[in-house]
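Look for subunit A in each of the two complexes below; its partner is subunit B in the first and subunit C in the second.
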Partner chain A sequence: MKTGRIPQQVVVLSVIAVVVVAGFFGMRALFVPESFGKYGHYRADSVDAIRKLPIQYGGAKACAECHDEVAATKSQGFHRGVSCEVCHGPAAAHIEDPGTIKPTAPRQRELCPLCHNYSPSRPTGFPQILTAQHNPGKPCMSCHKPHDPVPPNAPKECSACHRGIWSQKLVSPHASLECSTCHEVPKEHSVDPRGFVVSKPTGNQACERCHSNAALAASAIPQVTSEHTARYLCWDCHYPHFPEGKK
Partner chain B sequence: MSLDKEQGPGPGIVTTAGPASTVEVDTAAMDRRQFFDLCKKALPAGMALLAAGTPISGLASAETEAAAGALPEPKMPSYAMAIDVEKCIGCGRCAAACKAENKVPPSPHYVRTWVERYVVPREGEALVDSPNAGIDGFPDQPEVDILKTFFAPKLCNQCANPPCVQVCPVGATFQTRDGVVLVDDDYCVGCRYCIQACPYGARYLHPEKLVADKCTFCYHRITQGLLPACVEVCPTEARVFGDLNSRSSPIQRVLRFNPIMSLKAELNTRPKVFYANADQEIR
Partner chain C sequence: MDPSLLEPSTGYIYPNEYFLQWELLIVLYPYITGLVAGAFILASLERVFKVKALWPVYRLALLSALAFMIVAPLPLLAHLGHPERSLEMFLTPHTTSAMAMFGFVYAWYLLVVLLLEVWFDYRREIVIWSQESKAPWRYVYKALTLGATDISDAAIKFDDRAGRLITIIGIPSAFLLHGYVGFIFGSVKANPWWSSVLMPVVFLFSAIVSGMAIVMLIYMVTSWIRWKPIDMACLNKLGEFLLYALIVDFSLELLDFIHRLYESEESIHILSQLITDRLFISLVILQVLMGALIPIFGLVAARFGRLPDEMRRMIYFLVGILIQVGIFSMRWNVVVGGQMFSKSLRGLTVYKVHLFGLEGLLFTIGLLLLPVVILYVLVKLLPPWIDGQEDGALAAQPH
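So, the complex of A and B:
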């Protein structure tokens, strides 16, 4: 075999290698999108595509630009944190074309109970009703203004708002006690619940009025010695609205 | 070991840049011995440069000087959400708004965000339910001796270290430079690896598009200065959205004044969705 001449198999393999490599880069240029890898292992153009998706909810600020009177009323009431589109539905289209496209306005009882129907899982103090018992069939709007909701008449019973506590107390040995036995309730509390806060007992004296063995109470009431209460607050162990007693 | 020389601007010209001198040699006329001599000269200069840690190219250092005089580029935002569990009333408006904003199919199986109700009994496991993502409200409490009960909204946690992005075989799901994990609809092949990889169950396969779909933090809204739809409609401000790189962002206040936890922190996914006042039962 002559030296200096390139063997045929080397030539063939080289040509194949060149074709494969060229093919790889050719295909890569053809199939990999242009913007792939601009910022990372993804198509940079898709970020722009996602950014251009249509918007459905215009935002409460945009509503206030035209409906400034409603916005002013609402900003002073309990619903100030509730965006317009929670009840009226997505309204970006209405902002674009206010003349022809009108957002919905719920007038019946369907929407309010989603927030205000009683559920023990809701945070304490959130205003709740039992929808089935609270003026059944009557639209909420007939008594409450949705943009400035306050109870039409100040509720007389504590249970109107503190339904969870009330329903527990009702089946407990404390059922016959009035709330005012332990709490001092300012008159204004029913109108301005957060401005005028109800007092809570601070020491064991509140319970000892009935449950101390020195108290002049009926023998049916469980009574304890002063040693029992010396080191703890009563409600460290006993929940006053549902005192379990001996278990 | 690489040779301490730099390819200069012109063809056939080798430039050795040193702090003291610059030598230019025509490489075409250079034989092997000359080349080694040149390397010998260049080596100490190169070592000195490396030790000093200065940029080798004179042009580059000029550029950095020019940049130092200009204003710094505005910081890329780092979007995040905080959820105050104590404020959530479980109305499900977030889940409903999300479906409307992002055209998520109406079937209860497809959700980008949902509200879970936790009922923790005095004995036994916590009961968790989320009928139709909580959009239509919740049925009556289960008949158990309840220790405590609360609502917890869930969504894609927008992990800083996302498992879904790691497993995607085609680069269709990715993290943008502002920290949001997105899905490229045109590039996804619908293999469902990411749905399996997500520890939060935040992804689903879109029944019509046949691609993976998930919460985008409403990327089309936040990049225009609007809030995500769920945050916009949340009536109790249980959801707060903001930019972690901005001191004045409302999320900073939530993170500062509340005890904060992340879901499944032990997985090192580093979520960008933070839970305030949350119970350990939330997973």
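So, the complex of A and C:
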């Protein structure tokens, strides 16, 4: 059962290998777009295809031409960097035909938490809430004006905006310390956080008040000599909101 | 509630480091590919290096490698989503991407090495079964012959030579397959936990260890299920090779550890915190103590101690399980551990396994059970048993 002198197994496997290789090149010819690889590892024609897609967004400038009052209010508020269509949706069609096509206006609770629900990865100082605990069921608009958002009442707790730091400090040896132990907090900071910033310690003195071996403090508080801190700032090694980095 | 609120990260970490991008499925992936490479290298010990004592597990090791190989890419496909797009990797090869090139390593290993080796090894039996079995099995075997029905002495001799040649090609391929997985981690230069030239070698030897141990477990369990006696000469030899591989693997890991400690780069503080805090149980207890030290002592006692066979079997079985736990922990420590500390080297994040969902525990357990099902089908189709038969004898008639 030999085909000439070539073993039968080699013949059938060779046939399969040829089919597989031919299949590979056939599939390439069939499925790989012609313009693939012209500019890089992608289909070059996709650039034109994307360019031909209808434009959905009108841009905030176009909105301001008609809605100048709202635009003026928004330009002074915290949402000045947020484009109108972020909340109202794409509005190019509305610009073309303002009378019949109206953009959406979110009035419930779904939209705002996309940015303002607590996430540890948001920058500190960014206003964040725990949606489930923060006035459950109430639309955000009933207390906050979206075009000029300020809290209805100035937040009393630092955690309203600095939740990430607050939750870390809560389980650290520094839990019992007020934020104002180390930071000077201007009264106006809670209503105008960027206008009145809190101070941060600039030298080791803030820590040495408790942690220097010359300080009057409870024996449980770790204390170090001045040599320990001579060449470094304390926070080069110790994160003040979670000093020893252990649970 | 978000778990990070209940159990916060410690120290300072960058915003994009709170949540892990590579979770349980990516832990599973190197674990399963390791089993493939290890099982194949075990099979090659018998085939290429002629360790005759391992004959009873040769075919079982091959089929196990095949079963795990079929499942190996599934964790990746599930993790990435859109599995249908994976084929594009072959159609438009990206030659400078190690991950993309791996598709070809996988295809080579599955199609050219494993399937061909199984085919050449079973061809004689397949042809006989295609003539003697009843329908519909007869047609299955007929299809499996691929039309090559010649079982003359010359043809069988050729099968044997071809099988040996494929195994010789297969050993570097198996090394490449699992070396690649370590290479992927070892080449992430921004991550001090991963970035190490020893990584591919450590992965490779841990693969050999886990693969040998899983074949040992499968051999013992299948023998028990079939009420057949376990070949103690084979089991002892298997235990012996497992011990050697385990010692090399553990030494390499220790070398890597000592090297990092001696080099003492700027990351050493956060890495030591990672080990003593986040990875203490999975690294020190599970990987080192239960996954390496206890198995080494167990294997020494079982292989070289004067113990009754019953006791040896029990030790081998427990050692096999401990090694699986240890190697899985090693994959966990590499994949998860490498994402738990901040690139600022100042803080650690937390990771909790989910129960449901694609990256969840239940799905992972499902994927771990899938090779067992595939192996069951393979064993039914191509029985690897050689109970009481001489080398090269026809296996039991299956259907």
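The rule is simple: the second predicted complex is superposed on the first by the 191 of 247 C-alpha atoms of A that agree within 3 Å, B and C clash if a C-alpha of one lies under 4 Å from a C-alpha of the other, contacts with A are read in each partner's own complex, and residues count from 1 in each chain.
Here, a contact is a pair of C-beta atoms (placed from the backbone, for glycine too) under 8 Å apart; a residue touches a chain by one contact, two chains touch by 3 or more.
Note that the coordinates shown come from a computational prediction; the quantities given were computed from them, not determined experimentally.
Asks: Using the superposition on chain A described above, determine whether A:Phe242 touches subunit B (first), subunit C (second), both, or neither.
Replies: In the superposed model, A:Phe242 contacts subunit C only, not subunit B.
Asks: With both complexes superposed on chain A, which partner does A:His41 reach: first (subunit B), second (subunit C), both or neither?
Replies: both
Asks: Determine, under the contact definition given at the top, whether A:Pro151 touches first (subunit B), second (subunit C), both, or neither.
Replies: neither
Asks: With both complexes overlaid on chain A, does A:Pro7 touch subunit B (first), subunit C (second), both or neither?
Replies: second
Asks: In the superposed arrangement, which partner chain does A:Val171 touch: subunit B (first), subunit C (second), both, or neither?
Replies: second
Asks: Look at A:Pro127 in the shared chain and tell me whether it touches subunit B only, subunit C only, both, or neither; answer first, second, both or neither.
Replies: Neither partner.
Asks: Does subunit B (first) or subunit C (second) touch A:Arg51, or do both, or does neither?
Replies: first
Asks: State whether A:Leu114 touches subunit B only (first), subunit C only (second), both chains, or neither.
Replies: After superposing on A, A:Leu114 lies in contact with subunit B but is clear of subunit C.
Asks: Which positions of subunit A sit in both the subunit B and the subunit C interface?
Replies: Residues common to the subunit A contacts of subunit C and of subunit B are 36, 41, 119-123, listed in rising order.
Asks: Considering the complex alone, what residue numbers of subunit B touch subunit A?
Replies: Contacts found on subunit B: 86-93, 97, 100-102, 117-119, 137-138, 141, 146, 149-151, 171-177, 182, 184-187, 216, 219-221, 223-224, 226-227, 229, 232-237.
Asks: Mind pulling up the subunit C residues that touch subunit A in the complex?
Replies: 1-2, 4-5, 7-12, 15-16, 18-19, 88, 90-92, 94, 111, 116, 120, 123, 146-150, 152, 154-155, 158-159, 162, 273, 277, 346-348
Asks: Considering the complex alone, what residue numbers of subunit A touch subunit C?
Replies: 1-2, 7-9, 11-13, 16, 20, 24, 27-28, 31-32, 36-37, 41, 118-123, 130, 132, 167-168, 171, 239, 242, 245-247
Asks: Considering the complex alone, what residue numbers of subunit A touch subunit B?
Replies: Touching subunit B from subunit A are residues 33, 36, 39-43, 46-47, 49-57, 59-60, 79, 81-83, 85-86, 89-90, 113-115, 117, 119-123, 126.
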